[in-house]
Amino acid sequence: MTTQYTSAEMMTVTAARALENGSTCFVGIGLPSEAANLARLTHAPDVVLIYESGTLQTKPEVLPLSIGDGELCETALTTVSVPEMFRYWLQGGKVDVGFLGTAQIDRYCNLNTTLIGDYTAPKVRLPGGGGAPEIATNAGEIFITLKHSTRTFVDEVDFVTTLGFGRDGKGRDGVPNIGKGPTRVITDLCVMRPDPDTRELVVVSLHPGVSAAQVQEATGWEIRFAETLETTEAPSEKELSVLRELKDRTDRHHAGE
Amino acid sequence: MTTQYTSAEMMTVTAARALENGSTCFVGIGLPSEAANLARLTHAPDVVLIYESGTLQTKPEVLPLSIGDGELCETALTTVSVPEMFRYWLQGGKVDVGFLGTAQIDRYCNLNTTLIGDYTAPKVRLPGGGGAPEIATNAGEIFITLKHSTRTFVDEVDFVTTLGFGRDGKGRDGVPNIGKGPTRVITDLCVMRPDPDTRELVVVSLHPGVSAAQVQEATGWEIRFAETLETTEAPSEKELSVLRELKDRTDRHHAGE
Amino acid sequence: MAEFLNLHDAVARYVDDGATVAMEGFTHLIPFAAGHEIIRQGKRDLTLIRMTPDLIYDQLIGAGCVRKLIFSWGGNPGVGSLHRLRDAVEKDYPNHVEILEHSHAAMACAYEAGASGLPLAVLRGYVGSDLPKVNDQIKFIECPFTGEKLAAVPSIRPDVSVVHAQKADRKGNVLVEGIIGVQKEAVLAARHSIVTVEEIVDDLGATPNACVIPGWAVSTVAVAEKGAYPSYAHGYYPRNNRFYKEWDAIARDRGAFNEWLEKNVLTAGGDA
Amino acid sequence: MAEFLNLHDAVARYVDDGATVAMEGFTHLIPFAAGHEIIRQGKRDLTLIRMTPDLIYDQLIGAGCVRKLIFSWGGNPGVGSLHRLRDAVEKDYPNHVEILEHSHAAMACAYEAGASGLPLAVLRGYVGSDLPKVNDQIKFIECPFTGEKLAAVPSIRPDVSVVHAQKADRKGNVLVEGIIGVQKEAVLAARHSIVTVEEIVDDLGATPNACVIPGWAVSTVAVAEKGAYPSYAHGYYPRNNRFYKEWDAIARDRGAFNEWLEKNVLTAGGDA
């Protein structure tokens, strides 16, 4: 019997699975936070979650609405200052995986969270870089998760807020003391990895029921597919029930004040 | 009736008086620590004492033997890391007065705590700079206290561990963001201040019963005397009793383990 | 020692028109009461610094207090945009607001450098980002030992920093607990500082290495009960997440915002 | 997660001949037990880093473990010289020890920079001092914003750092309390780290902003009761000031030192 699930759930479960037990993850708010906590509540009980608010090794019962919710501090091993977080823990090389979302991404995994349009006369002003520019370069590797659409997967990002592999795919070449960069991108349709040589994103796995054409349609450039394209494993009963309980708890918690 | 006192007590009492109530003092171990705590226990109850071990606003009951005695932490408002102490509190400009001792001093208040003789083949190896080099330049002003002798007051220090006013008296001229430097030197014989123009040390006050000849004899260069030479006020009963009780408490405390 | 003033007098004394003001609190302990007092006193032409502008700066910008914003992430956390900020940047309403943007790492380091009395912060940052193209305050230096190219940004040295904390004792020593953000750095980096607190107590009850800011490192302490509301104060009250969500609709519309401001800040006296 | 080893195995695994080793603890929590274990295992050619060498390095130097010392204040606090250090530097006994000396501010910043993953530390330091003349690792850079000349020193990145702390929990998370010195920075700056603790507990009982080093940032935790003795452990035992005074006579004489070493370290098993 197959359990019903949404494409959003498929995305979160797949993103969660990417996190290895015992690894140290610097967690972005939103989708990454959901995936990272699902990982912690399923296959990766000893994953270490770090939020930029200074909360080290936190185990929130409910998903935080903001990066600095009280829940994160109350369930953390300890809470350090924000300068210490960025200096000792991120730049100091203690983070295995940075888990990011984004508003726009291009074929070389460059991320834009700054604006749509021209910098001096933006069509849409987005929140800005936040922690991402240095998470992307100072963490061991980067996972990115976001919804797949031609609005998000664009031929050229309007602004490189955060380095993937640069406009030409060579942005990390020869740069000392830099992380591996994005190693996988997980959407509601598929999983992509950068080509080891060109760094261009390649679809390596389609979620069950998703066609290559659907992915192409939702992507703003002619996207490459791996020769042997896998099918992502569907969410298990366990993964779904844990995720749904987590989201229910979260909704109930944030519904009050 | 005049109370008997030693020249060491005269020195400590005079050094203590230099500290204003409410000022913030970065305290060196030994004589400065004794004077600073005497000040706190007499005319300056709100003087803020800071030790380089990270103890902020500490009020030790007994004098510490080391710069990091437990007593300093237990009686402190809070204790910060040593990097924070040097970065935020000293370099950050929060210290009004640095209170230092030294092994050698010259006419321009340059201090040597590194060695006697040549650097590569020292006659006597001293402990080194410790906190002094940056206390002397990053605190608002500097008080120095030490015993007067031709071994300590030398024509040329063997090594400038810590800047007074440089070998020529001009070492602070034109340097941005630097403190006023030494403003008084207090010994068991007298009080000296740097000449406002040349920065050369000038004896401004002789302790009771001390002659100018005695000071000259204990100084390794031809020392200048102010035109109107004052006599330092003798220690009061109160100052002496507080100092002696402090030293008695200290001796009893450190006599055990 | 910190002087105890009421919030009105603290703001009147230390926040001048045209001043550079940092109001910090990383999601936690955001000094809303002080922000409202600045709005009520009609301060103008402020340069505001803050890592995460949040609703507090949306309100100050919407009220017309702000000329320039230095920040690294400007949004309503978990909800969406700051519409008053966008309206000012995109449509010059109520006035044009100039922006200068950094990354979090750079701003955190710049506060740290400011507290450390240094003119610059050095970090391994901005690699491959377009931010240095639009922010001329981001430069690069070469390490004299390794030759590595590292980013440098000016340290943050505000005219006045404003933070909220749980409590102060009667000497003005302040205890900050929980998510401490860059509050201590903001206070130490500034020429003057205003700390609002939930309460004044006889004894802070702090552990040996707690985050305590000594009273002599603070200009003034003002009591502001629920002074961080609708953000939260660890140990006192939770975040009003609902208000953060409701803010989206209020701030989206100029009329709704002005009405909200009139009712909840301008005519609300010192208690809002 | 930190591995739990006994002190012998921890030292055997992580302290190699020729390694660069930082053993920290600012008067408080000096890792004497680990130092003695290094002596017993006959480690050689170590480059030792420590702000205040203290008796622990006097012992390591006297025992012939050391080739080079990087430090900023080398004395017996409140007592006088470190005679084994002086004998090595001045008379090459038991072997020549090269020294590289800094100021405290520079070393503290260098640890901070090491923990921060940077190659250099920048500070307003060494102005007018002769130390840059005898230490070629002190350079000066120019601030690209203000033109101010600032000192730069290489960050400290030891092969292994050794510190002592009050307690660890069963996951190897470590609580350090009281005078915390540069212990956390030393651990985070190093490739490997050994933390000795007074005891292992179920719950650290730490307040929200306590100085806790997570187990995954530590290589190994080893129990060493009274492991900081004759220095002290806040909450456990006081400093043995008498021993610090007695050390002066012991260390002054080569024979007395060797006798002390034989009796109290070499033949004392893992308990000294």
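Order as written gives the chain letters A, B, C and D; numbering starts at 1 within each chain.
We adopt the following convention: contacts are C-beta pairs under 8 Å (C-beta built on N, C-alpha and C of every residue); 3 or more make two chains touch, one makes a residue touch a chain.
Remember, it's a predicted structure, so these values are computed and weren't measured experimentally.
A.B. asks: What's the fewest number of moves from subunit A to subunit B, given that each move must go to a chain touching the current one?
C.D. replies: Tracing touching chains, the least step count from subunit A to subunit B comes to 2.
A.B. asks: State the pair with the higher C-beta contact count; candidates are B-C and B-D.
C.D. replies: B-D
A.B. asks: Please work out the Cα centroid separation of subunit C and subunit D, and write it as a whole number of Å.
C.D. replies: 39
A.B. asks: Rounded to the nearest whole Å, what is the centre-to-centre distance of subunit A and subunit C, using the mean of the C-alpha atoms as each centre?
C.D. replies: 28
A.B. asks: Of all residues in subunit C, which are in touch with two or more distinct other chains?
C.D. replies: Each of 112, 117-118, 123-124, 146, 148, 178, 180, 184-185, 208-211, 234 in subunit C touches at least two other chains.
A.B. asks: Taking each residue of subunit A in turn, which ones touch at least two of the other chains?
C.D. replies: 73, 79-80, 87, 91, 138, 177
A.B. asks: Looking at which chains touch which, would you call it a line, ring, star, complete or other?
C.D. replies: Its topology fits none of the listed shapes; call it other.
A.B. asks: All pairs of touching chains?
C.D. replies: Pairwise, the chains that meet the contact rule are A-C, A-D, B-C, B-D, C-D.
A.B. asks: Touching subunit B in the complex: which residues of subunit D?
C.D. replies: Touching subunit B: residues 26-28, 51-52, 71-75, 77-79, 81, 85-86, 89-90, 101-106, 108-109, 111-112, 123-131, 134, 146, 148, 178-182, 184-185, 211, 232, 234, 238-244 of subunit D.
A.B. asks: Touching subunit C in the complex: which residues of subunit D?
C.D. replies: Touch list, subunit D to subunit C: 117-120, 122-124, 137, 139, 141, 143-146, 148, 150, 152, 154, 177-178, 180, 207-211, 234.
A.B. asks: Can you list the residues on subunit B that touch subunit D in the complex?
C.D. replies: 29-30, 52-55, 64-70, 72-74, 79-83, 85-87, 90-91, 110, 114, 119, 122, 125-134, 137-138, 159-163, 166, 171-172, 175-178, 254-257
A.B. asks: For the complex, which residues does subunit C have touching subunit B?
C.D. replies: These residues of subunit C touch subunit B: 1, 112, 115-118, 173, 184-185, 188-189, 206, 208-212, 214, 216-217.
A.B. asks: Can you list the subunit B residues touching subunit C in their complex?
C.D. replies: 22, 24, 46, 48, 56-57, 73-74, 76-80, 87-88, 91-94, 138, 177
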